[in-house]
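Pasting the structures in now, so scroll down.
Two complexes are shown next, each including chain A; its partner changes from chain B in the first to chain C in the second.
Entry: the complex of A and B
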């Protein structure tokens, strides 16, 4: 049926928003865990391979692959705490620099966008079911 | 005054309906083939929904929204097939109930 492409768009949107939520949760979870000395701090980000145009979005899952989570290097927050076993030789413990405001607003935004995608899907579904009622009145 | 004898009417000429010019040259997949292909498609989509629901129940790495979308897709296609079937049965019953 011709609704397949719209279903693909909805699936793409739902998966992307879920990955954004996952990334934000992961970033909040690792905000206070020290990174290994000498290694860059990494945070997760959800990336969509395209979705620049609506046409790309409705063909997205077939043509361009799924949205994915990637790890990106971020700045570090350094705390002087020699008693921490993760401290380096100068007594510095480094944590990834997580912007809590950004992460929390990403949480809210992703949740709302997920709801919007579900609403779009439900509208499409009820429109299709209603179109099957055409002519069955008599 | 002469009475013409009654002659039998041959109905041999009526055995085949006349075909229009356009109809005779029409060819394509028969209706049964088309319906069979549509039923195959519905069955495939139902099987896909079933497989994804099983995968979710077995704890595989499949997201809930994919399962729900596959199930709704199968539902819509099945509903569409049922409506087509209803129309066909209605038309058939209209023909069989026709008073001649």
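Entry: the complex of A and C
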């Protein structure tokens, strides 16, 4: 276990929280965009690799996987609006069903977790630099 | 120079190169189609690991890995998965390279202080 690997674990956290933030922003952005007729509605979701525990990040010097954004099929919200050019032959326009409460709370939560990771990184960094002063007499 | 000093020198060169690569990536982070640069330290890490286990290793082998030779290992990422450089990741990389460099310079100056003490007999 080296200091570098603790920093790597914190950086993994930063990347994951940034992707969650991106996914939530994307989902809010497409909430009122109609999906093409006959295609499933898709929303973004951030996923972490299976073995991405804190212990694995600390103990393994080898590079573990990165978190990634994946598109998942979700339920659709159907609105009857024949005047919309995106409507199908029955006049139904479908939108992805976005839960605004979940997305907004994810947005805030990921932002806060990102800040916490930055704070942890800075604390670890200053601890490392302070440890260099051990025994220097001043 | 002795093996430890050479190993520290190589480590400092590696930290410096990591900082340079991160700086280049930060400078180009908004350029469309930019492929992030990566440094491959496979050879250097192998040598350092060997130096850690075998104290009788020839220092010439560490000295052969000059900063120029290290710089040749820098290449643009080819897999599209990690070709894009994200700003926060690169800044974190720059910071950890800085911490590494600072630790190694402190250790090196402590070593030189010990050598000076040995020569002068007092501090």
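Here is the rule we use: the second predicted complex is superposed on the first by the 125 of 138 C-alpha atoms of A that agree within 3 Å, B and C clash if a C-alpha of one lies under 4 Å from a C-alpha of the other, contacts with A are read in each partner's own complex, and residues count from 1 in each chain.
Going forward, contacts are C-beta pairs under 8 Å (C-beta built on N, C-alpha and C of every residue); 3 or more make two chains touch, one makes a residue touch a chain.
In this text, all values refer to a predicted model and were calculated from it rather than measured experimentally.
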{"item": "When chain B and chain C are modelled together on chain A, clash or fit", "value": "clash"}
{"item": "First (chain B), second (chain C), both or neither touched by A:11", "value": "both"}
{"item": "Touched partner set for A:128, first chain B, second chain C, both or neither", "value": "both"}
{"item": "Contacts of A:120 with chain B and chain C, given as first, second, both or neither", "value": "neither"}
{"item": "Partner chain in contact with A:66 - chain B first, chain C second, else both or neither", "value": "second"}
{"item": "Common ground on chain A, meaning residues reached by chain C in one complex and by chain B in the other", "value": "3-4, 7, 10-11, 14-15, 18, 121, 125, 128-129, 132"}
{"item": "Chain C residues touching chain A - in the complex, by the definition given at the top", "value": "81-82, 86, 88-89, 92-93, 95-96, 99-100, 102-103, 106"}
{"item": "Contact set on chain A toward chain B in their complex", "value": "1, 3-4, 7, 10-11, 14-15, 18, 121, 125, 128-129, 132, 135-136"}
{"item": "Touching residues (chain side chain B, partner chain A) in the complex", "value": "63, 65-66, 69, 72-73, 76-77, 79-80, 83, 86-87"}
{"item": "Chain C contact footprint on chain A (complex, rising order)", "value": "3-4, 7, 10-11, 14-15, 18, 66, 121, 125, 128-129, 132"}
